[in-house]
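Two complexes come next, and they have one chain in common, subunit A, joined by subunit B in the first and subunit C in the second.
Moving on to the complex of A and B:
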């Protein structure tokens, strides 16, 4: 049996999870929630993580019913993400790894999402749509790399949604994306927005500027409601994501789609992707908010695969990095 | 320069290993040297840069020490 503890804190969530051979033993998490209209800044987010990380670690061990001696490897997020929060989490991971005499393992955050999605859904070799506040990528596995077939050329889809939520002062609790999803259900009028698919890639910054301006004009003049704008934004950006995912599937001859990342728990996105999959005779795999949204178990799971294939990270190589592409990682645990 | 007392050289070494891997975020104008048996020494071009570096070092150090208090002592090697 191999037990891995995973530390995640690359954005506004801090999570610590423990995995024993594919079984999630514990996975506590805290979210740094800012007031409506405000995003989360790196230093404030790091301060939040700093304040709760040791409590979360204690919870993770207690809920799993394990002692430090039962753990085989300490995995943490090496990147990508915001520098200050990443350092905070890495410091604790490095320290306990030495205190407990267990090997350390730096994990790519994106790989964590993919491996957790594969574990939970049992998808074998899916085309992966990874959508969150910081990343938007269509990924397929080939020759020991998760290769990026398409991605955003500017901001992430979740960042576009979050920043729109800030403009019209939607609550960030539990997350801006969740609240947009609920409001979109009450939208009835479709407001046409730019549709920006560029080959295999997508762009969201122009859509954001456009809807920011439209929001000010149309809401004050009563031409549409905030709910209509939420609905229109979701329909537009999700259509774009479904389009590039379908193109990647056609290219790879793939019959499976896996949606991961925080935006991946949006049921409207899952529904639209489901329609596309049905038309192609493909299967859709998705997870709920426990595993879609950043969490510690996903780092533990990717760490478990890496550790079992013989990888460890020496302390002097355990620096964090804000930029770390999915395709930089040699996938030593798959054929 | 700054001296930080630890219960033993083992704990001091753990703290050093935890605090060393990340380089200063700023590309130039500051350098920092950590040692187990001596002081942590800074040299910086400007007081402003030095203040930021020392501040974040102290934040990091206190997190590492708190972690050692809660999840230590280190297992025997």
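Moving on to the complex of A and C:
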């Protein structure tokens, strides 16, 4: 039996999870929530993480019913993400690894999402749509790499949604994306927005500029409601995501889709992807907010795979990086 | 009468062979006026809003036909357009008989041991030349992958051997930015589909640069877009 503890804190979530051979023993998490109209700044986010990380660690061990001696490996997010929060979490991981005398392992955040999705859904070799506040990628595995077939050429889809929420002052609690999703259910009028797909790549900055410019005018003139805007924005950006996923599937000859990342728990996105899959006889795999949104268990799970294939990170190599692409990682645990 | 006319193409398609369902359309094989023909049907995508679907489907059918004609006029090989039905969004195209995709060709050449380097280098150069010519005509393909290029086998001269297809996302633009993104899309599709081909893609770009008068601005934009790409992986 191999037990791995995972530390995640690359953005505004801080999570610590423990995995024992594919079983999630504990996965507590805290979110740094800012007032409406505001995003989260790196230094404030790091301060939040510093304040709660030891409480979360204690919870993780208690809920799992384990002592430090039962842990085999300490995994942490090496990147990508915001510098200050990453440093904070890596520092705690390094410290406990030395206190407990356990090996360290630096994990790519995106790989964590993919491996967690594969574990929970049992998808074997899916085309992966990874959508979150910082990432938008269509990924497929071949020859020991998760290869990026399509991605955003500017901002991430979650970033587009979050910033739209700030423009019309939607609450950040529990998350802007969740509140947009709820409001969109009450929208009915479809407002045309720019639609930008370039092969298997997408672009969201044009949509954001357009809606930032037009939102207040349309709302004050009574042309449409805030709910209509949420609805139209979701319909447009999710159509783009489903389209590039389908194009990657056609290109790779794949019959499975896995959605991961924070935006992946949006039920409308899952529904649209499901319709596309049904039309081409493919299968959809998705998870809920426990595992879609950043969490510690996903780092533990990727760490578990890496550790079992013989990898460890030496103390002097246990740095973090803000830029760390999914396709940089040599996948040593898959054929 | 009008009703009957609208139904003519869908009725025809119900009896012909479905070759594959791509991301954009269903592809059928049939005969049209005695010629081997591919029919591309953009059927409604039920996952997206009907207004958006109608707009995209119509625009892409128009764009595809327009760009193919523009390419062919410039001497770039693309399938002949036999007939278009804007009601059912069907395009009847020449079937490129006896062809295989560049994607399959690279994969099979990489697997066979002998003299592969020269063979693929020649191909990369050809692709670079043709894309340069296409961009000089201000055609942006919009979905450049190795699956969207066909190699026509036969005794013809090498000039006409490479056929570009799938112009559904294409448009007309003279901006170096749009041409740079076009190449960027190809670069990513190329390198992710065919592992360990960085040197080959370099050859392709070199040939593109040498073949186009306006290439320096485009390559500069390509470098810019690549850097934009780096930023993308900042936050998880």
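By our rule, the second predicted complex is superposed on the first by the 335 of 335 C-alpha atoms of A that agree within 3 Å, B and C clash if a C-alpha of one lies under 4 Å from a C-alpha of the other, contacts with A are read in each partner's own complex, and residues count from 1 in each chain.
The rule we apply is simple: a residue touches a chain if its C-beta (ideal position, glycine included) is under 8 Å from a C-beta of that chain, and two chains touch if they have at least 3 such contacts.
From a predicted model like this one, the values you see are computed outputs, not experimental measurements.
K.L.:
If we overlay the two complexes on their shared chain A, which of subunit B and subunit C does A:145 touch? Say first, second, both or neither.
P.N.:
After superposing on A, A:145 lies in contact with subunit C but is clear of subunit B.
K.L.:
Taking the superposition as given, does A:315 touch the first partner, subunit B, the second, subunit C, both, or neither?
P.N.:
First partner only, subunit B.
K.L.:
Considering only the touch criterion stated at the top, classify A:153 as touching first (subunit B), second (subunit C), both, or neither.
P.N.:
second
K.L.:
Looking at the overlay, does A:275 come into contact with subunit B only (first), subunit C only (second), both, or neither?
P.N.:
second
K.L.:
Would you check which partner chain A:11 touches, where first means subunit B only, second means subunit C only, and both and neither mean what they say?
P.N.:
Touch partner of A:11: subunit C, not subunit B.
K.L.:
So in the superposed three-chain picture, is A:90 touching just subunit B, just subunit C, both, or none of them (first/second/both/neither)?
P.N.:
first
K.L.:
Tell me the contact category for A:250 with respect to subunit B and subunit C: first, second, both or neither.
P.N.:
A:250 sits against subunit C, while subunit B stays out of touch.
K.L.:
Residues of subunit A touched by subunit B versus by subunit C: which partner has the larger set?
P.N.:
Result: the larger residue contact count on subunit A belongs to C.
K.L.:
Per the contact definition, I'd like the list of subunit C residues that touch subunit A in the complex.
P.N.:
By the definition above, subunit C touches subunit A via 20-24, 45-49, 51-52, 55-56, 142-145, 147, 169, 181-182, 184-186, 188-189, 192-193, 195, 225, 228-236.
K.L.:
Please name which positions on subunit A make contact with subunit B in the complex.
P.N.:
Residues 50, 53-54, 57-58, 68-69, 83, 87-88, 90-92, 94-96, 98-101, 315-320.
K.L.:
Which positions of subunit B touch subunit A when the two form their complex?
P.N.:
14-15, 17-23, 25, 59-60, 63-64, 66-68, 70-75, 77
K.L.:
Along subunit A, where are the residues that touch subunit C in the complex?
P.N.:
It comes out as residues 10-11, 77, 79-82, 109-110, 132-136, 140, 142-143, 145, 147-154, 156, 159, 190, 192, 195, 197-201, 235-236, 239, 242-243, 246-247, 249-252, 272-273, 275-276, 279-280, 294, 322-327.
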